Every structure is written in C-alpha cells, then in structure tokens.
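There are structures below to look over.
The following pair of complexes shares a single chain, chain A, combined with chain B in the former and chain C in the latter.
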Partner chain A sequence: MATDHPRDEGSLMLRLAPVLIVILLVAPILAGLTMALLPAFGYLPALGGERLSLDPWRALFAEPGIWRSAAISLASGLLATAISLAVVLLFLAAASGSRLDRWIRRLVSPLLSIPHAAAAFGLAFLIAPSGLVARLASPGLTGWERPPDLLIVHDPWGLSLIAGLVIKEIPFLLLMSLAALPQLDTERRVAMARSLGYRPTLAWWKVVAPSLYPLIRLPVFAVIAYASSVVDVAMILGPTLPPTLAVSILTWFSDPDLETRFLASAGAILQLGVTATALMIWWALERLVARLMRGWVIRGGRRRGEASLHIAGKLWVVLVTVIAFAGIAGLAIHSVAGFWRFPDLLPTSATLAHWARALPALAGPIASTALVAVASTLIAAALALAALENEQRSGRHPSRALWLLYLPLIVPQIAFLFGLVVVMEQLGTRPTHALVTFGHLLFVLPYVFLSLSEAYRRFDPRWSRLALTLGASRNGAFWRVRLPMLLAPILTAVAVGLAVSIGQYLPTQLLAGGRVTTVTTEAVSLAAGNNRRVIGVWALVQACLPLVGFIIAIGLPKLLWSNRRGMQGAP
Partner chain B sequence: MRTLFPRLAALVPTLLLPATALQAAPAPADWEAVLDEARGQAVYWYAWAGEQRTNDYIDWVAGQVEEQFDIALTHVKVGDTSEAVSRVLAEKQAGNHDDGNVDLIWINGENFAAMKANELLFGPFAETLPNFALTHPEHNPEVVTDFTLPTEGYESPWGRAQITFYYDSHELRGDSQEVAAPPQDIHALLAWAEANPGRFTYPRIPDFTGSTFLKQALIELTDEHEALYAPVAESDFAAITAPLWDYLDALHPHLWRSGRQFPATGPEMRSLMGNGELALAFTFTPSEPAAAVADFELPESTRSYVPESGTLGNVHFVAIPYNSPHKAGAMVVADFLLSPEAQAHKQDLDVWGDRTVLDLARLDDQSRDLFTLDDSNPAMLPAGALQKTLPEPHPSWMTALQDAWQARYIGD
Partner chain C sequence: MNATHRLQLRDICISLEGQTLVELDAEIGPGEVLTVMGPSGSGKSTLLAYLAGFLAPAFQARGRVLLDGRDISGLPAERRGIGLLFQDPLLFPHLSVAGNLRFGMPRAGANKTARVEQALGNIGLAGFGARDPATLSGGQKARVALMRLLLSAPCAVLLDEPFSKLDTHLRHEMRRLVFDRLHEAGLPSLLVTHDREDAEEAGGRVIELAH
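Moving on to the complex of A and B:
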C-alpha cells in the first residue's frame, strides 16, 4: 500500500490520531463514571458493599443543606456564565477596532493564564472586610477602625464565588470569540447595517451577535459545566454552611469514616445531574433569548439603547480587568508584608523573609510542574496537529465526533476523577509523573485542539497546493510550509496547554496521591495554613509560571521571523 | 454461595494479614535487622502541611534520617490526614496489599480509629521501638491512648497538643473596661462574647480544632463525664448534649459574623486575629501564638493562657499502613522522631514549638538540658500552664457531635 502512494508515508499514523484522541479522552471518563456509579448504588466490595441498594441516596438526601448546596452550584454555574458571556458580547459590540479593543486583546492571554486559585485568592484579598478595598476607604470614608463584621467572602448566596468565576471565564470566552470572529466578516456586516442607519454598537448586536453565538456555544457549555462544579474557587470564595455540592463531595470522599464513600459517590452522580440540569436550563434560555432577540431585531430600532450598550460594553470589561490585576498586586504586596494591621493601606514594614523561606521549597515543585506541563502539552500538540493534518488531507469537514473533545470539559471533574483513581489502582499503575501527565492530557488536549483548530482550518490551502506543484511531498509541505507559517498560533495553543496543565489541582492530587507535587498542589495545601503572606508567595509563583509560556509564544515568532512581518502572529 | 463467598473472601485478608505483614518487614523486636533493611529505603510520609514551621521541621527530619540511616524521606503534603486514609483504602479496594504508596501517616483520633477498625494498619510495632521506653508509658498513659482507645502498638507518639487560648492584650485593655481579663471558663466566655460582639468565633465543624471546642464546651457543661469516655451509643446523646446546644444557641448571635459563618480552620482563625477581626482565639498548638508573632502574623501584644477550667489535650502519633512496602524505613523514622535530639529540636520555639512526648525524668542530664524552655517570648505560655489537661472523649463522640452540629446549624 505504501508503495502505491509514496507521498502518503505516515498517513496511517495520521488516520490513527483522531481515534487515539477519542480513546484518550473518552475511555478514562467512562471508566471513572462507572466506578462512581457502582458505589452510588451501594456496590463497593472492598468496603463490604456487595448488593445494589438505594441507601447511599437516602443518606445523601438526609445530609443537612444538600438541596441548598445543589441549588447554589446550579445557580452559580448559570449566573457566572450569563454574566461572563454578557460582558464579552457587550465589549465586542462596543469596542471593536478601538484602542481599548487592542489593549484588551493584548491582555487576554495573561488574564487567561492566571490560574483560577490565584485569581480567587487575589479577589478575596481585595474584597474581604479586611481587604484592600476596605483599607483604601478606612478609616477616612467609613470610620472603620477595625474590619467591619460583614459577610462578603464566603457569602451564603455565592455572590463572591460568582464574581471570582466571572473574572476567569471572561478571558476564556473572549479568546474563543476572537478566534471565531474572523469567519464572520464582521466589518462588512456592520458596514452594511450602518449604511441602513444603525448605530455601530446596535449594528454589531443585531447582525454579528446572532451569528457569533453558535460558534462559541460549546465553549459556553464548558463554562457552565466548569462553573457549576468547580472545587478550588468555591473553597476560597464560595459559601460554607453548606458549601457548594462539589466541595461537599470532596469532603465526603476524604472522610475518615469510610462508609461515607458511598454517599460521596452518590453525590458525584448528583453533581453530574446538577451540571446536566444547568445545561438544559441554559438550552431553554437560549430559545427564549433567541425569540426575544428576533423581535428586537425585526422591530428595526436604529438608535435606542446605543449609548447605554456602548458605555456598558467598555465599563464592565475595564472593571473586571482592573479587579484581576489589582488582585495580583494584592498577592504581591502580601508576599513581602511585615506586620500589617487594619486599616493600614500598606504594611508597616516590608520583608523578604516569606520568599526566603519558600525559595528552597520552590525548586522541586517548579520542576515537576514544568515536566508534566511540557510533556502533556507536547503530546497534546502532536496529536492535535496530526488530527488536523489528517482532516486537511482527507478533505473531510470537521468530524461530528468533535463534541467528544468537549467531554472532559463538560463532565464535572469531581464526578469521574475518584472513580478513575480506583480504575488506575486496579490496573496496578504507580503514581508517577507519567500518570499525572496522562491525567492532565485529558484537559490539556481539548484546549490545545480548540485553540489550534481555527487557525489550522483557515490556513489558505493554496500555500500547500503551491508546495505540492513545486514537487514537495505532502509531508514536506507540512513540515516546511504549513508548520512554519502556523508557528504563531501553534505556540499560542502550546501556551494555553501549559497554562491549563499548570492550573490543574484535582487530577494532580488524586492521580499522584501526593507523590508528585506541583506548584498548584503545594499552593493549595499551604493555603490550609491560611497565612496570607505564604499564600501570596505561592499564588504569585503559580500565576507567573504560565506567563512564561505566553511570553515565549508571543516573543519567539517575532524573533524567528523578524524579517517576515506577516508571520509574526497577532499583534 | 453468592453470599457466602464474599464473606469468606473478606475473612481471608484478616487471617493472612498479620503473617504477610511480618513477612514484609523484619520483626520489630530485632532492631539491628530493621536498621539493615531500612538502609536505602524511600519512605513516603503523608503529613498535614498547613503550617510552614511543621513542614520545615519535617524537612530537617528528612535530612537527619538521610545522614544517619541512609533513608530517603519524602514529605507528602496533605491538606487533611483523611486524604491519606482514603488513599490506603483505595489501594485495599483495588487489591494492592503489599505495595502501597503510604509508608507513614501523621495521625490521631478518629482517623486512627477508622484505620484500625478497617485493618488498614501495620503492627504492633510502636512499643518495640528502642526510644519508646523514654516516654515512660506506665507513668504517662496518654502516649498509649488515643481518644480513649488503646493504641496497642499500632501508632507511635511524637508530639503533644493542648487547647490554648490567646488574645491581644492591647485590644482587651483598650476596648471594654469591664471585661479586661480574658474568660477563664465556658460560662465566662459567653459573658465575654456578649460584651464583645463579633470578636470571638470557632472553626467550622468538622474542622478538628472546631470539633475540639465542642468537646471542650460539652465537658464543661455536662455533669455526666463518664458517659463521654465510652462509645456514644451507650448513652442518651440528646439528653447529655442538650446543655451544649442551649449554650451554642445563646453564644452564636454574639460571635464573628453573628455565627452565620465560621472560619474553616484554626489557622484561618489566627489570620482573623492578625487582621484585628477577632480579639480572642484558640489553637491546638500551645506555641503557635508566639511563633506567629515572630512571623509578623500577630501583634507583639499577643498573650497566651490556658483557662482555669483546664483544656482538652492529646498526643499525636505516626502510624504505618498495612500495605507499606517500606515498613522498616518507616519504623526507623518513627523511632528517630522519639529520639531526644529530634524531640528537643521540635520543641524549640524557633523551629516548631511542639511539646515533647518524652518523660524528662527518663533522660540523662545532658539530654534533659536540651529541653529547657525559652520563656523570654511574652506571647509564650507561662511555664506550668499546661498542667490542666482534660483527656479526650471516645472518638465516637467527635463524629456524633459533628453530625449533630451540622444538622442543627447548616441552613437549608
């Protein structure tokens, strides 16, 4: 066969790539879910559960506050997504082509790279009663000599949790939208609408938004799933009496009373149900909004609302960006703070003691973090490139199996990871860097594929055809034309992959059994000590690591292609 | 057959366990053989890592056992000891009976009770450790008793904890003149909280420091002390705990955030003290306030005390899971932790400040001198303050109190 098509050497490997991707993503999740489902119905022989029963469910529903937990998970998932999506669309409508637009586009990658936990700590240090905002206004404006007795962080309604999620989900949805927009020929659509008398922001809302939404729908679903089942952010900012469902599940899974395992498994399945319910409610809301929007578009208003939409579009995104960076600045101040009592705006003294103490302990975790992140990202990038190249060569449209890529992003981590640990144990695997890398791949691969696919599919096929007519083989065209020309988007996808890997907490902790410590696991376990200065140091390190990837991703093409401006990637 | 077979299968490990466990490790009594086998082993110690000082101490231990016994000790940092328990359980569930990941666990109380009841522990080994005799167990029963349960050699002691209150002396003087002195028992605490609303709280249940506060309050409020030292099932839980719930109902409106929210852990309570949100708090580590002053976390006006009513205290231990592949190495580490050298270093306030489990009367003069307490730090407890120790109730009380608290105070 190979002799018949000498140019197709390696095509078998290419054809295998999509299959491999699907197996890598789907098999662990199905296995993990099964091992959660069985104990949820009482089957776990190691603990004496040999018969199927509904007892775990009875115990689950007898837990105090269980319905409130589930309701908060559901509501925070939906609200955080709705707010993030609204801010992103408002911004895109109001700011396209403006100076703000260019600024935010430049900031979106660093914002996306801040791990959730670090961003959440930053927000907590900002808005807590003893936080920077209260200090700024005290005692001058407020008269507070000591922190006010106010329920802000960990509020029972989950508002600060929603705020923390919004800060992190906006950059993600924005990046996804920016990747999708070029397909829509936005400028021409808006120009057409403007020629009919529509003001610019309204024009964007009426002619671009309805076509953009279907393109970012899957990322939106991923945000709903993530926000309704998040663990680390909910632990730092979420309600406590009761906590969100995902946090409760984590507590049950690590309860010393081993019987609680059954209850925890039932909880994991309930979490799956909560996330599915959130997705269904969103789906119903989509219909509703579509109907309302249609009426609004058909009525043909050309001016009403322009000013408020325009201002809101710029205001909210600036506010969120400022909060995110102020939070990071807060972390930095805490990491060098001496004694610092309320209401002093700044510490009475600065010290490097916290850094000096952490430095010797940093090397190991940073090395592990880098090893796992680089390995999982390289594997993910290779698989994604192979699958995309296969798609190009076979001339097929993006396959329908694409939604499977979203499986790890839509099935809540907490629902299948514990089961996966049991499966891995049964397979006799030892917790090593390799196993953790495999676990990270589950989450890195989808993100790398998604960030790469748009650029790859939009790549002008005439370049490759030109190379082929000049006598290059298909592989030659790939290595010498396509790959170099796509260097900038590939590096961006790699940076996204590194950031995703660096931020993983649950998969690292569970699959490594604590044997592989990354910066993130270390930061979370030290957070138990609640020393804001130590948290400041580690959260800052955690936030800076992914930045290295983005700096390389932006800098390297500029360096390599300093003589070819068109190949330096996005400004 | 269907029902019989699993039962038999469940019996088999219990029959085989002691035998296989002893095969995997040399008999603890033959210490030379243990030392020989330990050489070159990698020991993974799962230990709570919420405190930088503790981590630094474990780091020092790792350096010492490497140098003295050629053991590579790794501190596996966990946020909660139960994570390690879960790990061993997951391994047992998967049939991994001799090549587990956990070699040593820092443990006590309900986690120990759970592991022992589920036969997840290796032993007995503790009483044959050469340094164990220095604890003088005949004289100090707390080193062989964990929450009323006899340890039976399945865990080895290495430190002591006792509830210690601390306050900002500056704040108390400056604020409310009538309650200038910190409360000395649980009733005075309620009066103090009423006079200083929002300035006291306790960690959210099921945190162990918070749960200990519940037990402390119950001991002071009930007359039926004997019932607390037997399994909870043997007594009328509702009747015995009724005064506790009345007390908490009265206390909560005067707590921080009006009792609608609680800090997650003892360290979080400490950081609230540092921010000036609280004026009175407590810890399980008597040296913690003094250490926190040195770390800029608490003001220099911080003072510690043990209320006149006495407070709960306990000993913390290390245990070895039944499926650890490095039992010899783990035993050598457990023994090193009991050495006068390691115990004195641990008690040093500049290092950790955790009190020794050794009976100083058993030591020679030179070793005893290592343990002289430095009382120059004003945030440190005065010498002799830790005499008023109340023993821990049966572990089943902890779980029952936690469940009852959650059912009562978690909102729907």
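Moving on to the complex of A and C:
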C-alpha cells in the first residue's frame, strides 16, 4: 500500500503531540473542577472536611447580595457579548472593502494585544468623574468646577464593566470573523445580491451574516464564558457592593480563614452554573434570532434600513477604537502628570518622577512576566507545530478534537483554577515560575494553536511534496521548507501567545500564591489604591509589553526576506 | 547523465470506495515518455499521486511499481527516486535561484557550486545564481524548475501537465527543452496531460483514460 509510510525519525514525538495537548488541556480542568466540587459539598480532608454536607451552600446563600452578584455576572456576560457581536457584524456589513475597513484591519491586532487590565484602566481614566471626558466637558458644558460625586466607574449596574469588556471583545470577535470570512466568498455573494437589487449593507446582512455566524460560534461562546466570569476587569471597573460573583469568589479564596475555602468552592460551582445559564440563554436567543432572520431575509426588503445600518456600522467601531486608544493615551498622560487641577484638560507640568520611583519595582515583575510568557509560548508553539505537522503527515483532519481546544476558554477560569490550586497544594507543589508557566499554557496553547492552524492548513501541500520528490526527508521538508516559508504566521502566533500570557491575571495570582508577581498582577493590585499616576505607569508598561512581540513578528520577516519578493505577502 | 533506468507499472488498479478509478499496465524504458491522457476527473492526478507516494489514505491501490526491477510501491516519497514536475514552477520563494538548484542535490556531491553554475549556463541563465526567484520571467522559472529536477538525480520522472500554464510561444520551446533533457538523461518519464499537442511532441506511446 502506498499509504503505508515507514516511521521516520521523530515521528513518535509527533504522534504524541495531539494526545499531549488534549491531556494538558483536559486533565487540569477536570482535576480542578473535581477539587472545586468536593469542597463545595464540604469534603476536603486537608481542612477537616470529612463528611459531605450542604453547609457551604447554606453559607453561600446567606452571603449578602449573592443573587445580585450572580445576576450581574450573568447580565454583563450576555450584554457585553451581544454588543460586541453586534458592533462587529454591523462593521463588517457596512465597511467591507472601504478605506475604514483597511484601517480597522490594521488596528485589530494591536487592539487585541492590549491586555484586558490595561484597557480597563484606560477606560476608567476616561470616564471617571475626574477623568478626561469630564475635563473635556468642564466647566463649559457641565458647569463642574470640581469632580462631581458620581459613581461612574464601579457603578452598581456594571455598565462600565460591560463597556470595558466590549472594548476588548470587539477586536477578538473581529479577528475571528476576518479569519472565517475568506471561506465564504463574500464579494461574489454580495455582488449577486446587489444584482438582484439589494443595497450593499443589507445584502451583506442577508447573504453573508447567516453563513458567518456558525463559523464564529465557538469564539462567541468563549466570549460569553469569559465576560460572565472575568476577574481583573471586574476589579477595575465592576460594582463593589456587592462585586461580581467571580470577584467575590477570589476574595473568599484569599481569606486567611481557611474555612472560607468551602464557601469559595460553592461559589465556584455557582459560577459554573451562571456561565452555563448564560450559554443556554444565548443558545435560546440564537434560535429566536435565527427564526426572525429567516423571515426577514426572504421577505425581499432591499432598501429600507440600509442608511441606518451603514452609519451604525461605521460609527460604533470608530467610537470603540477611539475610546481604546484614548484610554492608552490617558494612561501615558497620567504616568507623567505633575500638578493637575480638575477642569484642566492637561496637567500644568510633566514629570518623570512616577517613572523614576516605579522603575526599581518594575524590573522584577517585568522579568517574571517575560520569563513566563516566553516559556509558555515556546512550549505551546512547539506542541502546536508538532500536532499540525502530524496532522499533515498522517493526512487526517482531527476536527472532532477542535472543541477541546476551546475547553479552557469556555469553562470559567475561576471555576477550575482554584480547584487546581487545591490539587497542587495536595501534591505539595510549591508555587514557582514553572507552575505559573503551566497555568498560562492552558490559555496560551489554544490561542497559539488556533492562530497557527489557519496558516498551516492553508499552506499549499505541493511545497512539501516537491521537497520530498527532490529527496528531502520528512523532517528536512519541515525544517527547510515549511518552517521558513511559514515564518511570518508562526511569529504572529508566537506574538499572540505572548500577549495572552502577559495579560493573564487569575492563573498567576492563584497558582503563584503571591510568590511570583507579574506586571499584570501588580497593576491589578493597584486598582484598589486609586493612585492614578502609579497605575498609569504600570498599566502603560503592561500595554506596551505585548507590542514587543508584534513588532518582532512584523519586523523580523521583513528583515530576513528583504531580498525575497515572493515572501513579502503571506504565503 | 547517461544512466539507464526502467519504470514498470504492473497491473495497477486504484479505487475509491470500491469504484475503480484507474487501471494501468505499462513499461517505460530509458529516455522514453509515456503519455497518459484524459479529461479532468479521469483519475490522472490520482495516478500521479500514487506513483509519487502521496496517495490519500481514502484510496485503495493494487499492483506493483518497479523501478529498475525494485518494487518501490511501499517506499515513502522521498526514497522512491521519482522526480516531479508540476504545473507551476514552484521555486522555493525563500531561497535564491542557486539555493533552489542545490536543494535537491545529493548532500555528498563534490563541487556543488561549480555544478550549479554550469547547470545555470546550460539553460541560458549563467550568473543568475544569487537572484531572487520572484524576479525571474515565467520561462526562466520553468527552466530553473526543470534543472532543479535534473540535478536531484532522479531515476524516473512524473510530469503533471507542466506546460499548461505557459504562454503559447513558450510552450513549444519548453516542451522541446524538457523532452530533450529527459531523453538525454535516459530517464523514463510519465506525462499526464489533456493537451493533445503535449502528447504529439512527447513522441512516445499514448494511453487514454476513459470516464
């Protein structure tokens, strides 16, 4: 049989890679969930919980405001997702092929690379009562001579939390959509519909959107799960009395009284339920919208609503982009602000004092951040490449396993991470950089794999075949042809991995037990202190670190292939 | 370049889900070209994939492929000694022209640089070694691809419609060059095409696949 290839060097490692990935992603989640479930019913021998009981649940439901916490988590998750998805679809419908489209496509990667915490701080500095927006409007429009006594950031309804999430989830969903769109032959579909008399934006909604949504459904679910259980953004922007469920769980878990661990465990299981409920509500909404859309698509309206859809599509995405970048600019201004009276738009003097004071403290966390990010990303890239190479060589497409990649993105972090901490404590593992790296790998690996698989599967198989018929071995074909030709997408995947790792708050915070601090954990811990100048320094550093990866990812191939025109565009 | 090789295809039958796609029994002597013709969907590319060692697992194949009397049908692609010329020149975009030529040369060979220079002179591209392949014209690329194939010292060659994407005026010239060189090198070749002119200029036997 021609398919019966003898094993060549390294093939065992390749064959193990997919198995290893599944174990790495699934085992910690299962172990973590188990060790949250058992203490939630009172069983944790290490803390004296020998019998199953409902006490933790009674304690949980006796907590003041617990239902409000859960409701806010649920609502903010659903609303943030719905708004983000709507803005992304509106934009794609209105702007396809326009100059704005090209601009936004260029900005989407840097926007995505801004860590959640930095974006949240940026937004907080904009919308706070003494923030840049209030300064811009005062005293002229508002008449405010001093910052008004308004609870805008940390508002009890979680509106600023939702806004902070939307800023970060739009670039994510946009990137996922842009990756899926080429499969749909969008231009010809829209041209077809236009030839039947439909206006362009309406045409997109009627003939592209219904096919696009199923392709980005898993990323949408990941956004729901993330938004309904996020911790760092909620600590910076979310309500405080009571906070969101995920923040409450973290507070209980960090309580020095170990008894509250049982309470925290019950909370983690409740969080799992809240996220599951959010997903089910979304699923029901999907059915409803699909039914309404079906009627609307075939009813034959060709013009009505075109103008408003078109304007909304451009307006919202521009607004969100401006807010995101203005937020980062705000961080920069705060980090060098000297004396700054309220209604003044800019500080009267600039100073490097905050930077000078922060620098000695920055070095350690930056080194830790870089070490963990580089280690977890390199491991993830090696595993992903091995699995994809194995897929190519065996000629199979393991699409069934794909949803497993989304598992760490769909199960709420807080629900399994701290069960995982309990497992690690039982195993006697000390919190180290290695343990934190392992924790980050759970979230870095899916993103690196998803970003790489796209380029890998699109790569023309004839290149490798050609190399083989020229006598190169399978490994030779990989190292001498596939790897160099895919350098640009591989570096992009690495940059994505670094950005994901740099932005991680909860895995570092929980698995390190305070012994490994990164720029992100430090920045988030400053949220309570409210010293904006110091926060400006840390959040700006946090926002800039991932850019280093993207600059290398874009610059290095340009440098290496400056004399190779065929390598300038993506292969 | 005057080795004599012989490619024998014994009772080959490729099928997909029980349906026979291609049946072939043929022998190609040194320097001969066997042309397999047929419309698209007639299983031409499946036959090539089978002979080169890239048949997708979904297909079943029976029969034996003998190269110089040795059964190669169980060998992986890189150890079969069969070279391939594609529709496109497929010059590796990350290597220079010389790098492309060196890619397929056996590692142990002496004097590689001189041989590459000589080979380039041979196809009218002397001094092109350091060039970026993307800066070459279509005809130049096709010639480099042919030379790369020859320098890799294959024992037999498969041609996958290699002239179909060339301009009309280049097509005739390339056909002559390819068939002359393959004949000179004494290589048995199998040409797959749907262009009758290809078959006529190849000069060898023609097998038509139905469907």
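By our rule, the second predicted complex is superposed on the first by the 550 of 571 C-alpha atoms of A that agree within 3 Å, B and C clash if a C-alpha of one lies under 4 Å from a C-alpha of the other, contacts with A are read in each partner's own complex, and residues count from 1 in each chain.
Operating definition for what follows: a residue touches a chain if its C-beta (ideal position, glycine included) is under 8 Å from a C-beta of that chain, and two chains touch if they have at least 3 such contacts.
Nothing here was measured: the structure is a model prediction, and the numbers come from that model.
When both complexes are overlaid on chain A, the residue A:R474 reaches chain C alone and has no touch with chain B. When the two complexes are overlaid on their common chain A, residue A:K558 makes contact with neither chain B nor chain C. When the shared chain is aligned, chain C comes close enough to touch A:R465, but chain B does not.
For chain A, the partner with contacts to more residues, out of chain B and chain C, is B. Of the two partner chains placed by the overlay, only chain B lies in contact with A:R68; chain C stays clear of it. In the superposed model, A:T351 makes contact with chain B only, not with chain C. Overlaid on A, the two complexes show chain B and chain C touching no common residue of chain A. Contacts from chain B toward chain A in the complex involve residues 3, 6, 9-10, 44, 46, 48-52, 55-56, 59, 74, 76-87, 89-96, 101-102, 110-111, 113-115, 118, 197-198, 204, 206, 256-258, 260-265, 267-268, 270-271, 274-277, 295-297, 299, 399, 406-407, 409-412. Contact residues on chain A toward chain B in their complex (touch as defined above): 44-48, 50, 64-65, 67-68, 129-130, 146-147, 149-151, 154, 156, 240-242, 251, 253-258, 261, 337-342, 349, 351, 353, 357, 361, 421-422, 425-426, 428, 430-431, 509, 513-515, 517, 521-522, 524-534. Touching chain A in their complex are the following residues of chain C: 50, 52-57, 59-61, 73-78, 80, 82-84, 86, 88, 90-94, 103-104, 106, 132-135, 148-149, 152, 154.
Residues of chain A that touch chain C in their complex: 1-6, 8, 394-396, 462-463, 465-474, 476-477, 480-481, 484-485, 561, 563-567, 571.
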